[in-house]
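When the chains are written out, they are named A, B, C, D and E in that same order, and each has its own residue count from 1.
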Amino acid sequence: MKGTLTQNGQDTEATMEDVLAALAGNDFFWLDLDDAATDGTVSELLGVHFAFHPLAVAASEKFAQRPRLVDYDKFVYLAARGADPKDDGKSEVHCFWTDRYIVTVHRGDCPAIKSVRDRMKQHHMATTNAAPQLVIVYLILNALVDSFFPVLNDFDEKIDALEDDILKAPTEAQLGVLFDMKRSLMNMRKVIAPQRDMMASINSGISDVPGMTDEAARYFRDLYDHLIRLADLVDSYRDLLSSVMDTHLSTVSNRLNVVMKQLAIIATVFLPLSWLTGFFGQNFSFLVTHITGVGTFVGLGLGTEIVAVALLFMLFKRRGWLGGPSV
Amino acid sequence: MKGTLTQNGQDTEATMEDVLAALAGNDFFWLDLDDAATDGTVSELLGVHFAFHPLAVAASEKFAQRPRLVDYDKFVYLAARGADPKDDGKSEVHCFWTDRYIVTVHRGDCPAIKSVRDRMKQHHMATTNAAPQLVIVYLILNALVDSFFPVLNDFDEKIDALEDDILKAPTEAQLGVLFDMKRSLMNMRKVIAPQRDMMASINSGISDVPGMTDEAARYFRDLYDHLIRLADLVDSYRDLLSSVMDTHLSTVSNRLNVVMKQLAIIATVFLPLSWLTGFFGQNFSFLVTHITGVGTFVGLGLGTEIVAVALLFMLFKRRGWLGGPSV
Amino acid sequence: MKGTLTQNGQDTEATMEDVLAALAGNDFFWLDLDDAATDGTVSELLGVHFAFHPLAVAASEKFAQRPRLVDYDKFVYLAARGADPKDDGKSEVHCFWTDRYIVTVHRGDCPAIKSVRDRMKQHHMATTNAAPQLVIVYLILNALVDSFFPVLNDFDEKIDALEDDILKAPTEAQLGVLFDMKRSLMNMRKVIAPQRDMMASINSGISDVPGMTDEAARYFRDLYDHLIRLADLVDSYRDLLSSVMDTHLSTVSNRLNVVMKQLAIIATVFLPLSWLTGFFGQNFSFLVTHITGVGTFVGLGLGTEIVAVALLFMLFKRRGWLGGPSV
Amino acid sequence: MKGTLTQNGQDTEATMEDVLAALAGNDFFWLDLDDAATDGTVSELLGVHFAFHPLAVAASEKFAQRPRLVDYDKFVYLAARGADPKDDGKSEVHCFWTDRYIVTVHRGDCPAIKSVRDRMKQHHMATTNAAPQLVIVYLILNALVDSFFPVLNDFDEKIDALEDDILKAPTEAQLGVLFDMKRSLMNMRKVIAPQRDMMASINSGISDVPGMTDEAARYFRDLYDHLIRLADLVDSYRDLLSSVMDTHLSTVSNRLNVVMKQLAIIATVFLPLSWLTGFFGQNFSFLVTHITGVGTFVGLGLGTEIVAVALLFMLFKRRGWLGGPSV
Amino acid sequence: MKGTLTQNGQDTEATMEDVLAALAGNDFFWLDLDDAATDGTVSELLGVHFAFHPLAVAASEKFAQRPRLVDYDKFVYLAARGADPKDDGKSEVHCFWTDRYIVTVHRGDCPAIKSVRDRMKQHHMATTNAAPQLVIVYLILNALVDSFFPVLNDFDEKIDALEDDILKAPTEAQLGVLFDMKRSLMNMRKVIAPQRDMMASINSGISDVPGMTDEAARYFRDLYDHLIRLADLVDSYRDLLSSVMDTHLSTVSNRLNVVMKQLAIIATVFLPLSWLTGFFGQNFSFLVTHITGVGTFVGLGLGTEIVAVALLFMLFKRRGWLGGPSV
């Protein structure tokens, strides 16, 4: 077992005896467990000693849970997740709390838990008469939710940069980047949307959270507002990515047009000219013997070519093909 | 008739007499029928001896039913389906239960029914005071629902592999694969969405399920949560498949650009050069007789060509056409 | 007036006197009118003798009505439609029923009405204590709703066949077929969706249908379930058709790539070779007089060409252009 | 001031005195104002003499209002719009009505108002015990709503014609037509959808309309049904227009394929043949002096060409390139 | 601290003493703060002296807030935003109001605040018995909401102009413009939609706004109607932009077709003709010596070419390739 036991403002490394003593006592405590230690003691502790419901214990063992709040008779189970760009599960926290204590389960080096320890002393909620369990739950949720904002702000800039890149020069690598970004957005959406709905059901009173006070409810409503904004952001970025994809296709088609117009111009110039030279290259004895003299050469050999080029130039001008590389 | 009669923890091959005896008795029993036996005894048994409603009996005869729960006065009819990649109907189970017994109908070698038999002894729900019928319904639903997860996880990897393949080399075969995957997702959606809605109506109390206890409700809520996740997965994969389709089109267009640029370069190089050789191949006697000597040949014959190549090289450089196969 | 009067299980050709006599009596009767007879007697009969509401009579005169149920004080008006691939209005039935009798209006040779006559004797509902009017309404609706299933099953196969065709050889005719199929689906949707919603409002008790019993309600709920499945099918086919359209575009683009690559190969092979022959075809006296002898011809004339072909072959190999017609 | 005052079935040109007299009296009257007369008397009349709420008066001054019903304490304000293909505001009517009189405001030659005058004498609603104000409101709404049907039926045919045109020969002008049709649909949707929602809120009793009777409600429900159908039509046409756009793109791509295949065939035939003639056109003295005689010419000059054509013909046959202009 | 204190109709530069005196008094006052002054006095004033809730004070410090209304026990916090094309935060106003006074916070030169000062004297609401705080809130919201209309009207024209431009000549720059317009619409949507929902919850009574009277509610309902129209406009423009994007792609493809057809015509004309000249340019002594005389030259040299051109002309005519630049 690896974890931290917080009691009376003191953080101590959690040992089985201390935990059982705290559990037997009457005071508030916070037990934070690191589930990466897979010796099975965690689920034994939760299932046997804390006597949490087997479904909740089973859920807390498997990470990548859909965020949700389940109200069991004697305790509340909450799974929450933050931005997890590396997909290592370090931004997922499972909370169990009763009217006396709280147990949190995370994996590895969870930044949200660390920030909660840092903020616990000075936070406003300390003065809200809310139960300390709820303060901890709020702080964890707050840290997890706020972890999405920098990630999504990055997205904003990456989408603009990608659009600019594509308009400069569309490549296939950009298509792969687009797909990866779409996938990331979808993964974030799968985590943000249920948390938003969970918070909505807490705010509207559908989900009953023990220890909630009017004042604490304001903080959860603020969190709800953040989650709405996050979900809106994800949706609008998804929309923008489709636009970027369309831009890619249109730009590629546009470039093709440019290349083809140049090919058409080259072919339209040199195919007739080549035919002219071919014509005077025929071995008809009439041509070989009668078309003689410098004047004939200049008149027929150069003259026809120059006339052909002039005619083509006029044609291109009328077609508007001489206006540079734009289509 | 082919089936299994489970009574007092004993599984026996079901015979008409045993079933009628069980029906006449007062104890709980589970009758599991294999509907592949099409001798008509099944519908006779359900319609006449069990006196189930004709609509329910008619539904249980035709497989590929839309999953749903229908509450008749004296019994409940439930049609549930799992992942069925081979489309052989083996993952569909129809349940009829009253406050005393349960009858299930499946086709062939149904893995969900088998897993229920295996799990029945040790499952937690055994201790939930829930009616044994409901425990069986839960276990069947659980097995059916969980059968989607490996299938959808496969999808996840297949989509990524397809995207990578397309970026490497887009082929028409991939379009067929994409279409088949889209179709599979749609078929799964048609099965998952109504089960999710059915579970929602059970959880919210709109559909009244006899024998439901508070504790059993938790298990059904857990199932509901799984179904929400499945539906979300199906939606997000559908979205990704559209992206993959777009990637295919864009990649193909991109490749076309590459090929066309190379064709344009080749034509732009050799059409002018060929015209030059054609020019000096004309049979004007002036050319044939006056353009003599090695110097003239080197100067006019080779020199003009080299100059032309140099000019084209400069042109390509300015256009940025020499940067490899990227567009 | 053309129609059938059903009274006491007897079908007779409806005459004005018989209808007025039945109306004046106290027994249940079913009057089925064929509205194709446009002598105005139908609307006079409904408006004056039956004294139905003018809005309902006006609606029953114009076919192609949006399916709906309207509850007037003394009678109920219901417009229902089945699959109508020929768009001839034969699958539309308008029903007026009171607590004593029922009047149906159709056009021409309506298969649903015929099937109702056939099924009326043996149907289960006969034993449901439901009013006979409601039994007839149910049977008509059932026949109309079931008429969609074969049409939609055809669609399923047609979509798969079209996808296969397109992957084999995309043509413009397929685009027309796609558009027609999309249009058909839309027309079916416009008929199915309001019937589904109508049935939902009947089932939830929002629309009050006189003569409805608990047992009859089960049959209407079954109908509702069929309509949900139909609406789901239509939606999923619409989705598939978009995929087929995308496949068409991608396949056409793919084929273009194949053709262009072959053109590029041909041009890349023969433009340089032609230049070589052009080079040695120039009339420089140096070439004509100094490049003599078989060896020179073989070395310069054939050799350079063979070297050029070999170099191009190596280039193509490195580019992966020799792997068959795939792109 | 320009308008018509209808009192006791008499239509008279409205003068300020008559209007004030009618207002001071106790009888029902209908004042219909033409707002195109912009001398400010209209808003003065409505604001000062009728004492309507300033917000309602302000709304009635600006046309292109979002259709809506607003219930002020002493009167009801309703803005309604019909099909307006010329966008001249003639199909917009604003109504103010109290429990005694009704005032309507329109612009110019409004066909709906005219049709109401024509229909007022014989309409069924006259016998519905509904207040005459409500009868007028219904008739105006009915005329406005019905004005959409011919416009949308035109759309139906135009979409089919456009699809056929595109399959025959796609042009850029069609893209402009498509865009304009999409825009028109959107504008209609912006007018139809709020009217449908307004009617829904009237029917469900959310919006309270003074003078509404059970019988009058049937007529408004009928109107609601028409608006639902209109909104469905607009949505399905929008969907079809997207399909037409897709068809355009696919057809253009298809045509490109046809052209390119022909270009590829031409190039594949003549580039090798030209090379052959070029080969024998080289000035190697060996060729000039040794390749002599008619047989040599026929064998090498004509024979190689014929062999080349035969080989190409076989290649094309195997590739399936000889099957006409289809791709 | 920089701001304006309005008391008894007098605007004075706000000083700390005046504000504290007003706060200590019993009369209504409006304190308008400019938050660009970042000396921290604003948040100190709001948090300490006005004792607003820390969450509300924190929100008012950060601009780019999601528009919302939060009801604290003793005051209401409202964040509202107008059109902000320059993205400088000048069109964002945060309001705090109690039953006695109102505090507004903006940044820089806010046009909405200025217009409120201008309109405050003559506005109708002054006579509505509504609390002056609510009048100010309404006027600010009104000014912010109305600021979207000119921006969106510009959009309307820009979209039409863009469509026309694209049909004339599609360029890549237009793709960038399209993307920027889409982004702008999305940003507006993110501001308009929550304000619409906020207004809906005010109108339906879900959000309780202190000081609201029946008469004031009419004005807020009018505002709600404007926001619905704005949201509809944004949605329809987004839809139109997708159409414009599709038009771009189709036009580019169309142009490609035109260019390719011209290239195909040129190649189809000159490749066969060049082959013919090449044929007669071969150095077979038979050709050189036997094909002599003017007649032979005219017959074979010119005649074959003319025949070839005539045949090609007939072919093009049959293909319909001579109908101008359209495809």
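Worth pointing out:
The criterion applied here is as follows: a residue touches a chain if its C-beta (ideal position, glycine included) is under 8 Å from a C-beta of that chain, and two chains touch if they have at least 3 such contacts.
Just so it is clear, the structure is predicted and the values come from calculations on it, not from any experiment.
Shared contact partners of subunit B and subunit E, listed by label: A. Number of steps on the shortest path from subunit A to subunit E, with steps defined by chain touch: 1.
Under half of the residue numbers at the interface between copies subunit C and subunit D are found on both sides, making the touching surfaces mostly different. Work out the mean CA point of subunit D and of subunit E, and you get 24 Å between them. One finds 39 Å separating the Cα centroids of subunit C and subunit E.
In subunit B, the positions touching at least two other chains are 249, 253, 256, 260, 263, 267, 271, 274, 278, 281-283, 287. In terms of inter-chain touching, the protein chains here make up one closed cycle, each touching precisely two others.
Think of the chains as beads on a loop: from subunit A toward subunit B, the beads read A, B, C, D, E. Residues 124, 163, 167, 214, 218-219, 221-222, 225, 228-229, 232, 236, 239-240, 243-244, 246-247, 249-251, 253-254, 256-257, 260-261, 263-264, 267-268, 271-272, 274-275, 278-279, 281-287, 290, 319, 326-327 of subunit B are the ones touching subunit A in the complex.
Put simply, subunit D touches subunit E in their complex at residues 53-55, 66, 68, 70, 72-73, 169-172, 175-176, 178-179, 182-183, 186, 189-190, 194, 245, 248-249, 252-253, 255-256, 259-260, 262-263, 266-267, 269-271, 273-274, 277-278, 280-283, 287-289, 291-294, 296-297, 300-301, 305, 325.
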